[in-house]
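There are two complexes below, and they share chain A, which is joined by chain B in the first and by chain C in the second.
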Partner chain A sequence: MSSNPTSKRSPRAKILFKRFASNPLAIVGAFFFFFFFLMALIGSYAAPYPFAAQVIADRLQSPSWTHLCGTDQFGRDVFSRIIVGARSVFFLGGSGTILAAFFGLMLGLASGYYGGLFDELAMRACDVVMSFPSLLLALVFISLSGPSLLNLVMIVAILYIPIMARVVRGMTLELKNMAYVEAARIRGESAPYIIFVEIMPNTLPPVFVEMSMRFSYSIFLVASLGFLGLGVQPPSPDWGMQINEARGFLSNAPWVLLCPATAIAVLVVSTSLLSDGIRNMLQPSMGKR
Partner chain B sequence: MLKYLARRLGFVLITLLVSSMIIFFSTQVLPGDVAQMILGRFARPEAVEALRVKLGLNEPIYVQYLTWLKNFVQGDWGLSLSTNNYPVAPMVWERLKNSFILAMAAFVIYVPGGILLGLWAALRRNKAADHIISVSSLSLIGLPEFVTGVILIAIFSLKLGWLPPSSSISPTATLPEILPKLVLPAITAALVSLAYITRMTRASTVEALYSDYVRTAYLKGLSPRQVLFRHVLRNALMPTVTVAAISIGWLMGGLVVTEALFSYPGLGRLLLFAIQRRDLPLIQATTLLMAAIFCLSNMLADIIYAWLNPKIRFQ
Partner chain C sequence: MTRPKILEVENLSISYQTESGLVKAVRRVSLDIRRQESFGLVGESGSGKSTLALGSIRYLAANGRISDGRINFMGEDITDYGLAKMSKLWGRHIGMVYQNPSLALNPSIRIGWQIAETAQIHRGLDKKAAWNEAIMTMAKVSMPEPEYVASLYPHQLSGGMLQRCVITMALLNNPSLLVMDEPTTALDVTTQAVVLDLVSKLKQEYDSAIFYITHDLAVVAQICDTIGVMYAGELLESGPTKTIFRDPRHPYTLSLIGSIPKFEEDHRKRSLSGIKGMIPSLRELPNGCVFSPRCFMADEECRRTAPTLEEIAPDRRSACPRWREMEERRKEMEKTKSYPAPMEQTAALAVDSLAKHYAPISGALRRGAGKALIKALNSVSVSVPKGCTLGIVGESGCGKTTLLRSITGLIEPTEGEVRLDDEPLAPKVTKRPRSILKKIQMVFQNPDASLNPNQTIAKCLERPLKIFTDLGKADRKKKILEILDSVNLPSTYYSRLPGELSGGEMQRVGIARAFAAEPDVILLDEPLSALDVSVQAALVNLLFELQVANNPSYLFISHDLAAVHHISDLIAVMYLGRVVEFGLAEAIFKPPFHPYTEALLSAIPNPDPDAVQTGIRLEGTVPSPSTIIKGCAFRSRCPRVYGPQCADEPPPMRMSAEDDRIFCHIPLEDLARVQTSPFHNASAR
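So, the complex of A and B:
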C-alpha cells in the first residue's frame, strides 16, 4: 500500500483504517451492519415475496427453501418482512440520531463557548431530559402526540440532543482555552469563525463515536416502541411489531418470533461492535488495557 | 454532609415540580374535552357543563394545576376514565407492589452477578474469559428486553418446559405460587443492568489494578488476595455502587417491556394500558410516580457516592 504513489488516501486516513482493520470484531460488526443497511435501501426489491402478500393457504409454515424463515399467521413470508423491516429501523434511528447530532453540536458549541445564563439554562434543561429513562419519555411523548413517523424521529432526536450537547460542551470548554484558539481570538477572528473553523473540527471525532453508540441504542428504542404497538403502524413491517403480533403462536410457530428477534439481536450486536471499533479507531487511548 | 443532603433533596423537589408541570400541561393539550370523554358523545350539553363545573374545568389552568398537585400530594389521584371511574390510587399502588417484587427479584440477580462477572473479567483481562464476558455484555446492553425474553421463553418454556411462559398472577396468589412465574421476567429485566454493572466493574477494577497504590501494596509484600480485598475492591466498587443505585431507575423502562411480554400485572403494563385507552388521570399518576421513583433512586446513588467518597462530600 505504502509503495503505491497514486494512493489518494492521506496518511492519517491510512492509520485510522489500519487501526480499524486490526480489530476483527469491528470488521464482523461492520459487515452485518452494512448488510442490513443495504437491505434498508433496496429491501423491497431484494425481498423474495411482497412483504404484505397474504397467502392464507400457506399460513404458519415452518422454514424451508421456499420460505427461508417460514410464514406467519396470515401466510406472509417472514424473511421478506424482516428484510423490508430494516428500513424503518434505519430510517427512524438514523435520521433521529443525525438530527440529534446536528442540534446537539450547535447547542453544545454555543453553550460551551458563550457560557453564562444561556449555558446554565440549556444544561439544566438537558439534565431534566436526561434524568428520565428514555423509553419512558418516549412512551409518554408518543402517547400524547400519536405514533406518526415524524413524531418517532422527533422523540429519538429529543432524547439524544442533551447527550450530544453534553459531549460537545465539555470539549468546547477545554478547547476554547487552547493556545491556537487564543491566537485566533487575538488576530481578531469573529466568534462564528472561531466556533466553526477552530473549535468544531476537533469536537467531531467524539461526536461520531457518540453517534454510533446512540444509533445502536436507538435500535433498542425503536424496536421496543414497535413491540409495544407504538412504533411504525401497519401495514409497514416492523421487527418489534412482528414479534408482538406473533406472541400467540410461540408454541406452534416459534420461527415467526425468533427470526425477527435474531435480526434485532444481530443488528444490535454488530452495531455495538462497530461503534466500539470506531471508538478505538478515533480515540485509541480510551479503549486500551 | 447534612448540607449536601439538603441540596440534593432540593434539586429532586425542583425536578419533580418541573416534571409534574410537564406531565400536567402536556396532558392538557390533548384534543377533546375531559367532561365530554367521561359522559360520552351523546351527553346533553347541560350535563357536560355541570360536570365541567364539578371537575373544576372552567377554572383558569394554573388553578387546575395547583388543585391537581395538591390532591396528588395528598394521595387523591382522581378517577380512571377507562375503567368505570375506579379510583386511580389503589389501582396504581397494587401494581406498584407487583413491579417492586419483580424489580427486587431482578436486582438480586444483576448486582452480585454483575460484580462477580466484572471482577472475573478484570482479573483475567485480555484472556479468553475476559473477551467472552466483554463481548457478551457489550451485546446485552443493546438488546431490548423483549428479544432476550423471547429467546429465554423459547429455551426454558418451550424447549425444556421448566418455567411458565406467561406470568399473569391473580391478586390473591401466595409467594410460592408467584415464585416460578417470577424467574423468567426477573432474568429478562436483569440482563441489561447486569451487562452495565459487569462493564463498569471491569473498567474500574482494571483501573485500580494499574494504579500506583496497588503497585505499592504488592511491593510491600502483601499477598494478591490481601491486595484485592483491601486495596482494589474498595476503590473499584465505588462506581459500581452508584450504578447499582441508578439502575433502579433504568429498571422502570425495562419493566414496561418485560411486563408486556410476560403479561405480568405491574406498573409498566398499567401505563401501557392507560396510554392505549388515553386514560389521562391514570397516565398522569403512573408517569409522575415513575418520575418520583427515578429521581429518588438517582438521589440515593449520589448520597451513597458522597458517603463513600469524601472528596465529593466536602466540596
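So, the complex of A and C:
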C-alpha cells in the first residue's frame, strides 16, 4: 500500500481516515470546527476591524458587505467580535476539557483498578459533583472565587472530571479482568506498569470521544457564564456577553444578538457532529443509531 | 429412498451487501432434505453454514440476498415469495431452534404463553386450546412437570430446559422442516447429551425433516442420517453419515475427521492430522478449488480450475476430482506420530487440600454479609509429575478455573497450599519472588482477550524475557524470533498487532508468551475451546512438541473429555468444587469409574457413527456452590445412589488396583461389575 517503509502504522491510520471521511456530516462538522479553531488562533489578525474600535456614527448598522454581521450599539463590528471571541471559547472549554480528561483518567484508572474503599469514596464524591446542575455549581464557584480565567478553566475541569472518571472507571473494571492483564499479574508486574502500560492505552479511544463531547458542552457553559456576566470580563469579547448586551435592542437590531447566538449553535452542532465522527472512527461497533 | 423431498436447494448463491462491497457467502450449493431425514451441515466458523440454512428458508438478514439458484419447499418454489407468504410458512411449516436459548425466549412472558402463541397465530386456536396444546407438546418432549414449567419465566430455568422449551415451540405446529442452528453449543456436555437424545427421539416420532447446523463432527455423527461438509461458502462433500465417516472422499473432510481426537486408548498422545493455515476470507477467495491453499494433496491443476460437486456414487457427492485417491491417503494419514508418556515420580506441582470460599459480600456497606459462603473449591488435592500432563475435566461451574487461579496466586485460597518442587508457595502472586513466578505460566482460553490489542507481538513476547532473564536487547530479539519459530509463526509477525492475527495465531502467541521464560509448569485454561477443530488439532500437536522439547508439566483444564483424554497422562474429574476421581489417564477410562465420570463418558458425542454408548443421562442441574452438602456432592444427580450414607457422610477415597482414586460410597468391585468400558466399540472393530 504505502510506499513509505517507515510509516508502519499507515494501514491503520488509513483505515481510520477512510472511516471518518465516509461520514459527510462529520466532515461538515470538522470544517466548521476547524474554521472556528483557526479563528481562535489568528482571530485578532483576521478580523476586518479591531474588535474594540467604536465608531459611534455607525451604531446598529444592519449587515452589509462592509459589516458582515452589522454593528452593535457602540458601532463595533459584530463579525470581528465573534471572530476574536472564539479564542476565549476555545481556551476555556479546551483547557478545561483537557484538564478534566487528564484528572478524570487518573481518578478513573485508580478507582477502577484498586476498587474498595477508595473507589467507593471517589465515586460518591463524583456523584455529589454531578448531582448539582452544572450551571448552578459554576455560578457558586465563580461568585466565590471571582471570574478570572484560571477559575473559569478550573470550574470547567471540576464539572467534567467526574464524567470522565466514570467512563474510565467502567472501562478499567472490564479491562482489569482481561486475560492479558492477568498474564501481567502472573508475571509479577507492578501495579503502575499494569495500569499505565496494559490498561490505559485501551481506555484512550473512549476518552477522546468523551473529550470531544465534553468540549461541545463546555461551549454552552462558557457562553452561559458570559451571558450572566461571570465569564471573560470586558474589554475581551465574549459570545455570551455579546448576547447579553444585545438583549435591549432585539427588536430594532436583531443581528447583534442572532449572530453570536448562531456562532454558538454552529460551533456546538459542528463539535457534536465531529465527535460522532470520531466515535464512529474509533469505535465503529458503537454509535450506530 | 422414496420419501418425498421437503427441501430442495438448487445451485443456491447468497451474497451480503456490506460497507466494503459484496460478499459471496454461499456459492452454488445444492442439497435435498427428505421427510423424516436429518441433514447435518458441518463447517468451521465462517464457512457459511448458517447463511445457507437461513437462506434456504428465506430468513436472511436485511443485507443478504439470494443472487442465484432456486429453493423448493414442499414442492413449491419459494425463491421469490414475499414476506407475507413466508410468514405463513415460518412457525407453521418451518420451525427454528437457535444456538442460545436464553436469547430466543422473551424474558418477560411466561414460557407456556410463548409456546402457545405459535399455535394461536398459525392455527387460530383460542388461548385455552393453544395452552393445552403447548402443555401436551411439552410432555411429548419429555419435559418433567410441563404445567409447572409452562407457568415459569425463562430466567427460572436452566439452559438445557430452556432449549427444550425452544424445541417445543418449534415443534408445536408439527412443522415439515425443523432448522436447528448449533442447538447444543451453549450447553454443558451432560445437558447436550439429553438434548441430543431428544432430537433423535423426535426424528422417530415426528415427520419433520431436520436441518442441523453444527461445527461439531461428533454431534453430527450421532444424530444425522446425511451430512454436508461446507467450507468457505461451498459444499465440498455430502453423503450418508456412516460412509462419510468411514470413507471420506474429500481431503477437507478427511483432514477434519483426522483433526478430532479419537476416543480410543491406543490413539492417546498421538499427533492429530490438522489442517495448515486458516479458512480464507470470503472477500479474497483463492483461485481454483477453495480448499487448495490448505490441501495436503493440491497440485497446479487444483489451484487453476475450480472443481464442481459431482456424484461419485449413489447419494455421494464430492467436489474433489481426485476423490479416487482418498482411500490411500486415508491410510497414510492414520500413521500418526506418537508421543511417549514420560513417567516421572517426583511431583513438579502439588496442590494440597486447597479450598476457596467466597463470602457473598459486595461494596463498602458489606451487603450480603451473613449469607451462606460460596464454596468454589473444597479440599482439592492433585499433583502433576515433571514433564507430565494433568488434565482436569468438569462442566462449567465445577471450580476448575478457580483451581488454576488459586495456583497462580491471582486469588488467595481459603485453606490448603500449593507446592512447587515441594516448596510451599506464597498464596498471593504479589508475595512470590521472581524466581518462582518464572516457573509458573498460563495460557488463557480466549485468544482475543489474552493479548493486549495495543502491543505488538514482539513487545508481548519481550516482556517475560526482560523480567525473567538477563538477556540483552539484541539477544532478546533473537530469542523472540526463535520462540516465534517454535510455535510455527513466521518472523514477519514480529511487529504485527494482535488484531491482524487469526484466533489460532493469537493462541500460538499466547502459548509462545507462556513458554518464553522456559517455565516448569504451564497452566492451560481451556486453550482450545475458542478455536475451530482444524486449528485445535495443530495446537494439540504444538503442545506435544513443546513438551517433548522443553519438558514442562502441563495442567490442562477443559470441559472436553475427548481432548483431555487425548493429551493427558493423569486426569482429575471435578464436580462442584471437588475432585471425584483422580488417577492415570488409562485407569480413569476403565471401569470402575466414579458415577459422574461414567455419566460424562456416556454423554460425550462420539465421532464414530458406529459407536454404542451407555445411555446414562443426568437430569436436574448442578446444585449451587453455596448449598451446604453433608454427604456426597453428586448425590442429587447420581444415577447410582447407594444408600442413605450418600446423603449423610462424605464419600471415602477408594484406591483401585491401578492407583485410581475414586471418591464414592459404592465399593469398587460393585462399580466395576455394572460398568462397561467406553472403548468397547473400538475393540469390536
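Keep this in mind: the second predicted complex is superposed on the first by the 279 of 289 C-alpha atoms of A that agree within 3 Å, B and C clash if a C-alpha of one lies under 4 Å from a C-alpha of the other, contacts with A are read in each partner's own complex, and residues count from 1 in each chain.
Quick note on the criterion: contacts are C-beta pairs under 8 Å (C-beta built on N, C-alpha and C of every residue); 3 or more make two chains touch, one makes a residue touch a chain.
Computed from a prediction, not measured in an experiment: that's the story for all the values here.
On the shared subunit chain A, the superposed partners chain B and chain C are arranged side by side without overlap. Of the two partner chains placed by superposition, only chain B is touched by A:Ser224; chain C is not.
After overlaying the two complexes on the shared chain, residue contacts for A:Ala265 are found with chain B alone; chain C is out of touch. Once the two structures are superposed, chain B and chain C can be ranked by residues of chain A touched, with B on top.
In the superposition on chain A, A:Val140 makes contact with chain B only, not with chain C. By the touch criterion stated above, A:Glu182 is placed in contact with chain C alone, chain B being left untouched. In the superposition on chain A, A:Asp77 contacts neither chain B nor chain C. In the superposed model, A:Glu210 lies in contact with neither chain B nor chain C. Looking at the shared chain after the overlay, A:Gly116 reaches chain C, while chain B stays out of its contact range.
In the superposition on chain A, A:Asp238 makes contact with neither chain B nor chain C. Across the overlaid pair of complexes, the angle with its corner at the CA centre of chain A and arms to chain B and chain C is 90°, in steps of 10. Remark: least CA distance from chain B to chain C after fitting both complexes onto chain A is 5 Å. When the two complexes are laid over each other on chain A, chain A has no residue in contact with both chain B and chain C.
Within the complex formed with chain A, the residues of chain C that make contact are 19, 363-364, 408-410, 429-430, 432, 434, 437, 440-442, 444-446, 449-454, 460, 463-464, 467-468, 495, 497, 510, 513. Chain contact summary for the complex, chain B toward chain A: residues 15, 18-19, 23, 26-27, 29-30, 125, 135, 138-139, 141-147, 150-151, 153-154, 158, 165, 206, 210, 249-250, 252-254, 256-257, 260-261, 271-272, 275-276, 278, 283, 287, 290-291, 294-295, 298. Partner chain B is touched in their complex by these residues of chain A: 25, 127-128, 131-136, 139-140, 142-144, 216-217, 219-220, 223-224, 227-230, 240, 243-244, 247, 250-251, 254, 257-258, 261, 264-265, 268-269, 271-273, 276, 289.
Listed in rising order, the residues of chain A touching chain C in the complex are 8, 12, 22, 116-117, 120, 178-180, 182-189, 198, 201-202.
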